[in-house]
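As structure tokens, the structure follows; a few thoughts come after it.
As written, the chains take the letters A, B, C and D, and residue 1 is the first residue of each chain.
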Amino acid sequence: MATVEERAESGGRRVSEQLLKTFFREMLLIRRFEEKVEERFRAGELPGFLHVAIGQEAVATGVCAALERDDVIASTHRAHGHAIAKGTSVERIMAELYGKLEGCSHGYGGSMHLYDVEVGNLGANAVVAGGIPGIVGAALAFLMRGEPRVAVAFFGDGATNTGTFHESLNLAQLWKVPAIFVLENNGWAESTPATQQLPLPVDELARRALAYGMKTIEADGQDVEAVYLAALAAREHAAAGKGPVLLHLRTYRLTGHYVGDPQVYRDRAELKGERETKDPVELLRARLQLTDEGLAAIDAQVTAEVEASVEFAKAGTDPSPEDAAKYVYA
Amino acid sequence: MPELTYREAVRDALARALREDESVFLMGEDIAEMGGSMAVTQGLLAEFGPKRIRNTPISEIAIVGSGIGAAIQGMRPVVEIMYEDFLTLSMEQLVNQAAKHRTMSGGQVTVPLTIRTQGGAGWSPGAQHAQQLEAWFVHVPGLKVVFASTPEDARGLLWSSIYDDNPVVFFEHRTLYPLKGDVPDRLEPIPLGKARVHREGEDVTVVATGRLVHEALKAAEEAGTEGISVEVVDPRTLQPLDEETIVASVRKTTRCVTAHEAVVRGGFGAELAAVIQHGAFDWLDAPIERVGAKFAPLPFAPAMEQWVVPHAEDVLEAIRRTVARG
Amino acid sequence: MATVEERAESGGRRVSEQLLKTFFREMLLIRRFEEKVEERFRAGELPGFLHVAIGQEAVATGVCAALERDDVIASTHRAHGHAIAKGTSVERIMAELYGKLEGCSHGYGGSMHLYDVEVGNLGANAVVAGGIPGIVGAALAFLMRGEPRVAVAFFGDGATNTGTFHESLNLAQLWKVPAIFVLENNGWAESTPATQQLPLPVDELARRALAYGMKTIEADGQDVEAVYLAALAAREHAAAGKGPVLLHLRTYRLTGHYVGDPQVYRDRAELKGERETKDPVELLRARLQLTDEGLAAIDAQVTAEVEASVEFAKAGTDPSPEDAAKYVYA
Amino acid sequence: MPELTYREAVRDALARALREDESVFLMGEDIAEMGGSMAVTQGLLAEFGPKRIRNTPISEIAIVGSGIGAAIQGMRPVVEIMYEDFLTLSMEQLVNQAAKHRTMSGGQVTVPLTIRTQGGAGWSPGAQHAQQLEAWFVHVPGLKVVFASTPEDARGLLWSSIYDDNPVVFFEHRTLYPLKGDVPDRLEPIPLGKARVHREGEDVTVVATGRLVHEALKAAEEAGTEGISVEVVDPRTLQPLDEETIVASVRKTTRCVTAHEAVVRGGFGAELAAVIQHGAFDWLDAPIERVGAKFAPLPFAPAMEQWVVPHAEDVLEAIRRTVARG
């Protein structure tokens, strides 16, 4: 999340080099965090189902930077980046992955259920599209109470095939609630490519919004500046009472669906090509013309942060077995 | 004490909560101008306006789901699912989201959402407009489940449901709406989790819910003329369940019949029987008899419909069977 | 359903006066049937929930006339017209409403569950949109087996708000199954007007199809000729393997949602206006320039048919109570 | 007799049916190239091609619903719902459509559809990927419900499900996929509605399903060393239920424990307890004990997860409790 000052410096619509550097740092932090998750998974330390968003960092960073602290998000099974970008420390996220009381969901959630209500993260969701209707309701509450907040749902291209998606966007537009629907279109649903799951060309998925007469804004999901500016515009629109926005961001999943996925279904050459040309961290590094030294300095910082998060997590407290029943009812 | 119908009692709880508390609002299909398909919300639009009495599209997923989101933001939405048969469309949001947010977040999130719905056979609604599905929700940790059988209970329990900080699925029975009963002027919240002993007796306990409470009371009356003294208990809240009251009653009477309109197989009566045989094993003088719908989708033709769902005579026969034992 | 000869006479694309007269007769039959249903309901003879489609007769007649006998339909809670137009006798439908074994669902279904598999009616459905996915599956079976048949789902504007609708049309387009989705848009869902349930202008509801890239065909739902030609075109498209079609028919519900509905929510003057200008039976009568005598003759015929159906129904056999459990399992 | 894993046994039933019968085809998410999220359908795309091994979008309503439509047209679709938690999205089509078409049409329509799904705790899947929801479906007239616990049963029962003319919900347990067992070369269909006595015993009957069959067998072994002779019965088909075999077993042993991984409250064990207390009332020497998950959404952290779901020790303790009585 960019501070108001950083945003002001960006002149409202142009993004300052300094802000871009902040974005770069965060994106690299997300990347190193997820690489660490993969490593710790392979080491057999992490239980549960893990999905990394390597290749999609610009979406999390760009969108969340455009939000206010009071704005809320609902995330997906591919949640680490969203959580970090919305303001939860990597320590508390890593502790969650280790199932510790210090985790952002106190060990009850795991990777697919990262919550942090204090910073406006209403939770990652392991059911595809499961969090979208709740965002409509949050936005409705803001609207009814006249609060200047917006509610944001992240979801993938696969999620647009669900009835849950349809009913939610339809209702949001009907009631003109201040919601942003962030379509993080990586062209895959697990092993199923766009051509096998979408009746539209993958790059034209914003056409989903035509069924509701909903405003759409599109941007290159690999370009954090473009994402950020698009998200700012979407927020402005929604917050101004003009109704919700479908924010369509074309992006790329540069790894498997889940950590450990052998990707038997994927064309190796294509994947290699995407890795070489679509990596948002690399693209931003090139744009910022970071020297090797400059990069190394930032990398050292974020890598240390990630390492520390593992230490923090391992030193955390295991819940007692009977704690399981603690939060069944309020 | 004024007399209200069951319908008016539900409406009264809604109106009072809407009046006293800005965070309460209603969403559902045709609840505004039309006042709901069962006329429960009639008049509320006029008093509270379209911002708080919200007609929705036919979107059972989004109705429940947006209710969840608003509840997490501190509202107390009361959403209506027109027929409980259509809860089948909302199950994901109810079961995976509403019921689990609190645990999954490690206690950060509460979901003070009430889901009102209704159902039941009578006058041939057919197989898709008459199911009684309360048993499903009892199986879902994180949900509370209420089934009110009288005007007084409906009002007091609905009030408590609205002000409970958990998602509550609140069942009404379609044929009970015109039923009249005394309801105190002052609204007394009825705590969730407390059974009601409708009638004391010595020989058999009938644990009944919804419409079958009234059938059980009729059967008890009739049994009395045969010299059988019947106690009738309505759990009212199915989850959390007042096991204590129910088990105590059966320990006293030593015989038990469970009765609901839902299908017997896998119904709430199974849970009751399991709890009671465990808690009153040494007291029981006869096997617990279960009364409920026969195992068939509800057919349209009245003769078949009436055969499928249980009536006072079915309860009476079960009472007789249980007394006939040793 | 028009016979092949009648259609041939219409020259493929122009509708002969004779065929229009056939349509008129059927529409009047539907009208008189439903008026009789209202009457018998008020007399207390009919149990269950009843919905008439007075004002929407041209949709049922026009669409079903364009279908082959082997084509299948799924209907809605507003089902009498569809059932009659697909070829079930009014006798068997009326017997069903009386809950008799002679009924088209043998007394198990009632008005909201009229089936007649022999003529391709796979059943009316009391759950809004509940029958749509089954039609996708039927069409898929035809496609897989290479059968030259199409499957047709009727549903209302209100149904387009359901997730069931969305998932069905999406899948149908993805797999290009030979299905026709007949959107019978009367601008109401029970008491809820278009403005309160649709985020699109009511006349532009065909835009729903844009989310799937599905072909749309539109016609005035009060003009049976237009409906028929549109449905023929839709069938041609679907049967040719070009994919499904959304057939958008704007129509008018000239009575209450259900039989007995006091319609407190409805503007009387508007309703009166619609009754005067949108009645498809009247519109067709005018177009055919039927004389009073000509009309009376047809009316006498269909009225007699309807009367006979009531006699037939009343003389029918009540099921035994225990028959209830006869069809739980095959 | 060759040894197959539970996973291979399921695949074998599918492959044989696909081979022998053009009307059989599969639909589900990621079942083609990937071979299913549990690798059950691996290799089937290569043999049968994309027309019959159909990857679907994430559309649980349409997957089940289009399966229904194809089944009514004479196909025998086998659809996969990746996790049974997502059955919550298909409930309307399963419960209001698949289960009721036949009755509503007065016998005109049959729906020979099989819905395969899987679930279960283990290795921290979290609250939305681990539920055991079989009890809901037992409550729905018109559906059949199968829960296979061994490779042999999985294959024989899946075959019978595919060739049953009714909609069958077929549950697999995630942790059983690697389990090996003898499976005859020749496919023997196992009739739906027949329980399997895994182990004969004299003192206590454990009626268990799914993963808990194996936990029960472990517990029985252990109990044997304590001088308690345990009979283990797996109903395998939950609906229709083989009440005869189960009740006969309890009449013989006079004590009973039910065991499943699903939450106890409202679970299938309740139905079993209700049936057994009724059928074996005069024989029972102790209340029926129910073993199942504790009443909580499944938390992530392994220690809490393992505490919620039942294990062999829980079954053993229940056995001891029941024997300790009188």
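The rule is short, and it goes like this: a residue touches a chain if its C-beta (ideal position, glycine included) is under 8 Å from a C-beta of that chain, and two chains touch if they have at least 3 such contacts.
All of these numbers come straight from a predicted model, not from anything done at the bench.
> What is the chain whose Cα centroid lies farthest from the Cα centroid of subunit B?
The most remote chain is A.
> Just how far, in Å, is the C-alpha centre of subunit B from the one of subunit A?
Distance between chain centres, rounded to whole Å: 41 Å.
> Once you find the CA centre of subunit A and the CA centre of subunit C, what distance in Å lies between them?
Using C-alpha averages as centres, the distance is 46 Å.
> Report the inter-chain centroid distance for subunit A and subunit D in whole angstrom, where each centroid is the mean of the CA atoms.
Here the centre of subunit D sits 36 Å away from the centre of subunit A.
> When you check subunit A against every other chain, which residues touch at least two of them?
Residues 105, 107-109, 113, 125, 127, 130, 161-164, 167, 170-171, 174, 196-198, 328 of subunit A touch two or more partner chains.
> Residue numbers in subunit D touching 2 or more other chains?
56-57, 59-61, 85-86, 89, 92, 96, 103-104, 126-128, 141-142, 295-297, 299
> Is the way these chains touch best called a line, a ring, a star, complete, or other?
complete
> What does subunit C use to touch subunit A in their complex?
161-167, 170-171, 173-174, 196-200, 207-214
> Please output the residues of subunit D touching subunit B within their complex, sorted ascending.
The contact residues of subunit D facing subunit B are 85-86, 88-89, 91-92, 94-96, 99-100, 103-104, 126-128, 131, 133, 135-136, 138-142, 239, 241, 262-263, 265-271, 273-274, 277-279, 281, 284, 286-290, 295-297, 299.
> Where on subunit D is subunit C touching in the complex?
25, 51, 54, 56-57, 59-62, 64-75, 77, 92-93, 96-97, 101-110, 112, 141-142, 144, 165-166
> Per the contact definition, I'd like the list of subunit D residues that touch subunit A in the complex.
Its residues touching subunit A are 29-30, 32-34, 37, 55-61, 85-86, 89, 123-129, 294-297, 299-308.
> Any idea which subunit C residues touch subunit B in the complex?
47-49, 96, 99-100, 105, 107-110, 112-113, 125-130, 158-159, 161-164, 189-192, 196-198, 264-265, 318-325, 328
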